[in-house]
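Working notes, beginning with the structure itself.
Should a chain be cited, it is by its letter among A, B, C, D and E, assigned in written order, with residues numbered from 1 in that chain.
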């Protein structure tokens, strides 16, 4: 049985008050303690440039939205990084690995760019990594190009990112990769001829909509309608009603992770759209662990295409999930696996270069790299520096009382379809 | 058989009711005490986390947690009122804004620390899941429950304010503080109780909101804008005003998305700006 | 016949069903010194608010000289020469008297929207402001923040601000309200010393002051003009005495 | 420093108010220190300077004319987007781009000022908030122009005067931002010492009295609002240019709220309040988030609460009260 | 000597910077009645407000049954037994007539039946909202509302102002009943000098914030010269 996810405990309360005897250090707690100490001596000491050290470690600037609406994505990504380092040590090719975490507070490219600059200029970072959000990655891309710094995108999923700097490599996913697979599969093996699409009205949503519709039509399907929903949208009932009015055979959904997946899932049930009768296809966020838990039985039968789930059946993934749970008391998700694989890529590339951390050497080492990830076999396309991976077709089912995504089909070696 | 428009209306009202429960407390405190409490949604978030903790950790039934979340938020607000807010009743609006935004910041970090940044799932009891058919409309059980709670809250509030001596004292104090004091009414105590009541309702709203909009530490800010919209459109200090504004905003949001999804995100802001330009004090504002 | 500086015709106003001004007809000749008296709640301040445009009348007209100003915004009336003071200090607490009066002078001179010039280059405006302050015995406190001034000085600043608009007609709402008796005389000395071209209407409760400084008295009761006349006529009017003494007949 | 005495002529007195004080000169000299002391913090310094400029623009309407805005980022964002798009569509010359962005923001400010000037208090706050959110939504919906939530891509800015390239160290960026801040600070300083500045202070001090001295308060507010929008546009445009990126965040509610917090933290209506507030807020955020990327909000919150309880009316307001009490035993 | 009900000792008070009252002293015994006369703006209402605790005290003290209450909050003075009927009546518009009466009621001889007996008109209008009453009814309600707190002292600020004569008569009748039966002290501010003097035992005339004259009401009623000088319009006495 997996531990429950509640995070309330007395030691935590003590920790926040700065008490010394908070006896359990759980994720993030050490930051808090440090910040308590540093709060006092804030401006005096912290502004001084760090002195150069004799044994230069390899510094990885980890830029992500640690606070704000997207905080959890970064927390999970960070967990993946921490787990990898715990398992593989913090020294590679004789050099110590040091992570410097920087918070963008949200999709702020200007902040991300500044942080990247500061990391390169002041902290002497050798590698930039992280980026749960596309604007962050795009903001830092220029710095990577100009400073010739190796940059590992561990989540941000807009296709164009890797084209912004020759030193960028992506280990996560691209939305077209996932949604195009969804479109093709649904129109062929899925057996749907007509589809209605519902996407969030922002960049990733439009990417997903475009890729799905293109693939669905190319495979002989027909799009009977589409709707774009505001990003800040707490209530989906009206959009679902619109979909229902058309009585579609299948529906494709894209909403960002967070509060919306469960909300839209419940709204489907409330409007009596039954996933067992209407094929509701989505990308993985819409049926992530929390969303499925919140939906309960209502989620049964929901289809999705995705590259990673903690229920993926492989020895490697079982070990990964177990270790992750032991460390962080929760299941990994695609952010976590992104962080984990990103660190793996960095470690392996450094091994290849013998600890040389300049951008040219690292990107050369990374190109074409192949390895077994908890999500299955993955590789880096030497031409586009983008991820090539298996995309799984899943259905929400009840397995031994738990409601989970079950992989029942897959498409191997999927590249991003939009890179030329 | 009813056409879908009734379903849309129902959903709009239900969504409005959620906003109503979340915001009516702020309307009361802002209207009565003239205190700009931007930490209002932090109390709502507290209520939400109380419910999530009780349900997920201690296996309490969902309904039983609702009064607890009310009390927890009310109690927390009393502490803050005693220690901080009370000293700033006469301070400038801007100082109040800075103080309460400070508390909202603190609440966000504290929630992230204690409960993690993760979305908190909640399993409502089976009878609140799914929907019930009614003349061809599928009415969501939870939304019916929400409407029911909101009506009960409204009735209790209106009854409490209209038919009890305490309610009369609150109204008297709002009408004319000086005269109320002159008759021996302890206006400060009256307001403190009102403040606790308002925050408690926010806590209740937070608990009720989880099933529809989820719960994570950014809740304290995400819903602040909606709450402010309801309060200003309804008119400060008016329960009926908040109720009407919540219905208006809820219905226009849902109906806008249904009939003109391109306008979906603009509509509630447009409605707010239009209402305020027409009636600067809000629909039921006093001033 | 002297020219009329300010007149109203049939001026009426009610708040809901409560009439606060009923068919008020006034005619103030140029240079006149009128006092407006009446019991509490008679509508004296309301009348000033109506004339200056801070309240809109339900009916009637207001003329400044021969111009109908009924529809004008308050500031437009001020620009045409109609100024007022307030019963409760309505000053600029954070400005000092020099700044406040200079501001009023700049507004009148139409230079208040020049954001590119340092105020100090407007010598004439500053000089004019300082002259007004000196005339109102405020020269020595010109650089002190208004909120720190003694109350009596603040009442004088009320008048100074109004004078800075170079009014033809000045309405003073209890200029000495809240001022100890010794100082209130000073305030009215200042008022009495104002130019003879200036038409004055003032509200005042102190009958000593009213009889000493007014050339004409208007008695307002229940929102309507009860009577009007010279001080002697008013003093002798039994109706007025009843209003004030309350000697009503029973039965 | 000049002592104010009652023997001064009024002209000399008013002139003395706008004289440069030693502390001010020290302050501005200190802004040059990052070039020498913290050369690796120049990017941050540049963004602080622009945040300060943004806060200064808000101060003109909030601190002086009493117009509380929760939608000021609309002008910042319009300036940023306009300057970014200008660089893509016309050319990358920074100063013309800056002027273009700021002018567009100013025009938008002028247009919206006709609505703004009619309202006060909560209604005003909510209307500015509503207009700001609408602006944000427009930027989000206009993907084809703004890049939507991915942010505006492809901004390329030429070297300033053809000489100074925006470099990785942020030297040019800070020089550029600081110069803009200083220029617009001088302009604001002049504005606030002008007859118009006096009128704005009059509006702040007593809204009711202004018409009674013949002032067109709505016209004043419209003018101030337009100027503030222009300045916010400058700040936004410069941020877009120095970072070569613009995103929806630059026009969002959060930025409006942040700038308000910065200004109030420093002390509204004090010219330097926005500058001090922006510096403290940004440095604190940078430091706290460096230490606790997930929980820095906690410390910012503590900072705000402490400032309010200890130094009401912002840091500068509180300090000036404390020093006044100290001088007057 | 037993403590007086209310004692003012050299009270100087006002609002903010404005000082309105200068060194006022007076004493009121239990069940006493005092008329407060003077022209507009001499500080009569301010004196009542000072007794309630709404003004800023600059000097002197206010004692209630021998105890200094100068720093006691208004609502506590009210609960100790001071009832206040404001000049503008200040009926709570969003309360019904009956709620206006009960909102601050405290136990004692004055309860709803007693009040409705004293003011039958209020009984007829008990369900009406406070702002739907005529001026006279509002005045009755204001007095009745204060009585419902069962005060030992009632402060009445121009209760007859602006009322139709028939209503005034009705009110005077009620006042007389009140004073004869119910043993409550009053301070009555009134511009109708004759009524005020008729209802009260003692009188004080204020001028410019100071006590210009104090006498038993009956004596003052006959002293036309003083009345004319201090309350009337004739200014012959001033040079």
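As a working rule, contacts are C-beta pairs under 8 Å (C-beta built on N, C-alpha and C of every residue); 3 or more make two chains touch, one makes a residue touch a chain.
Owing to the predicted nature of the structure, the values given are computational and were not obtained by experimental measurement.
J.: Could you tell me which chains make contact with chain D and chain E both?
T.: Where chain D and chain E share a partner, that partner set is B, C.
J.: Counting one step per pair of touching chains, how few steps separate chain B from chain D?
T.: Minimum step count, chain B to chain D: 1.
J.: If I average the CA coordinates per chain, which chain comes out farthest from chain A?
T.: Between chain A and every other chain, the largest centroid distance is to E.
J.: Once you find the CA centre of chain B and the CA centre of chain E, what distance in Å lies between them?
T.: It comes to 44 Å between the two C-alpha centres.
J.: Please tell me the distance, in whole Å, between the geometric centres of chain A and chain E computed from their C-alpha atoms.
T.: Spacing between the chain centres: roughly 75 Å.
J.: Can you compute the centre-to-centre distance for chain B and chain C, using the mean CA position of each chain? Integer Å is fine.
T.: 48
J.: I'd like the Å distance between the centres of chain A and chain B, where a centre is the mean of that chain's Cα atoms.
T.: Chain centroid spacing, chain A to chain B, equals 33 Å.
J.: Note the residues in chain D that touch 2 or more other chains, in rising order.
T.: Residues 137, 140-141, 294-299, 302.
J.: Two-or-more-chain contact residues of chain B, please, as numbers and ranges.
T.: 108-110, 112-113, 117, 265
J.: For chain E, write out the residues touching at least two other chains, lowest number first.
T.: none
J.: Can you work out from the touch definition every pair of chains that touches here?
T.: Touch list across chains, by label: A-B, A-D, B-D, B-E, C-D, C-E.
J.: Show me the residue ranges of chain E that touch chain C in the complex, using the header's touch definition.
T.: Contact set of chain E toward chain C: 14-20, 22, 39-42, 87, 158, 161-162, 165, 168-169, 190-196, 208-209, 227-228, 231-235, 238.
J.: If you look only at chain D, which of its residues touch chain C in the complex?
T.: Per the stated touch rule, the residues are 4, 6, 8, 10-11, 13-15, 18, 190-191, 193-199, 201-202, 204-206, 208-217, 219-220, 223, 227.
J.: Show me the residue ranges of chain B that touch chain D in the complex, using the header's touch definition.
T.: Counting only chain B, the residues touching chain D are 30, 84, 87-88, 91-95, 97-99, 101-110, 112-113, 117, 225, 228-229, 232, 236, 265-266, 269-270, 272-273, 276-277, 280-282.
J.: Inside the complex, what are the residues of chain A that reach chain B?
T.: 4-8, 12-13, 15-16, 27-29, 32, 67-69, 71-72, 75, 201, 227-235, 237-239, 241-242, 245, 258-260, 262-263, 266, 269-272, 290-291, 293-294, 296-298, 330
J.: Which bits of chain C are touching chain D when the two form their complex?
T.: 52, 54, 73-75, 78-79, 83-84, 86, 90-95, 98-100, 102-104, 106-108, 111-120, 122-123, 125-127, 129-130, 140, 142-143, 161-162, 164-165
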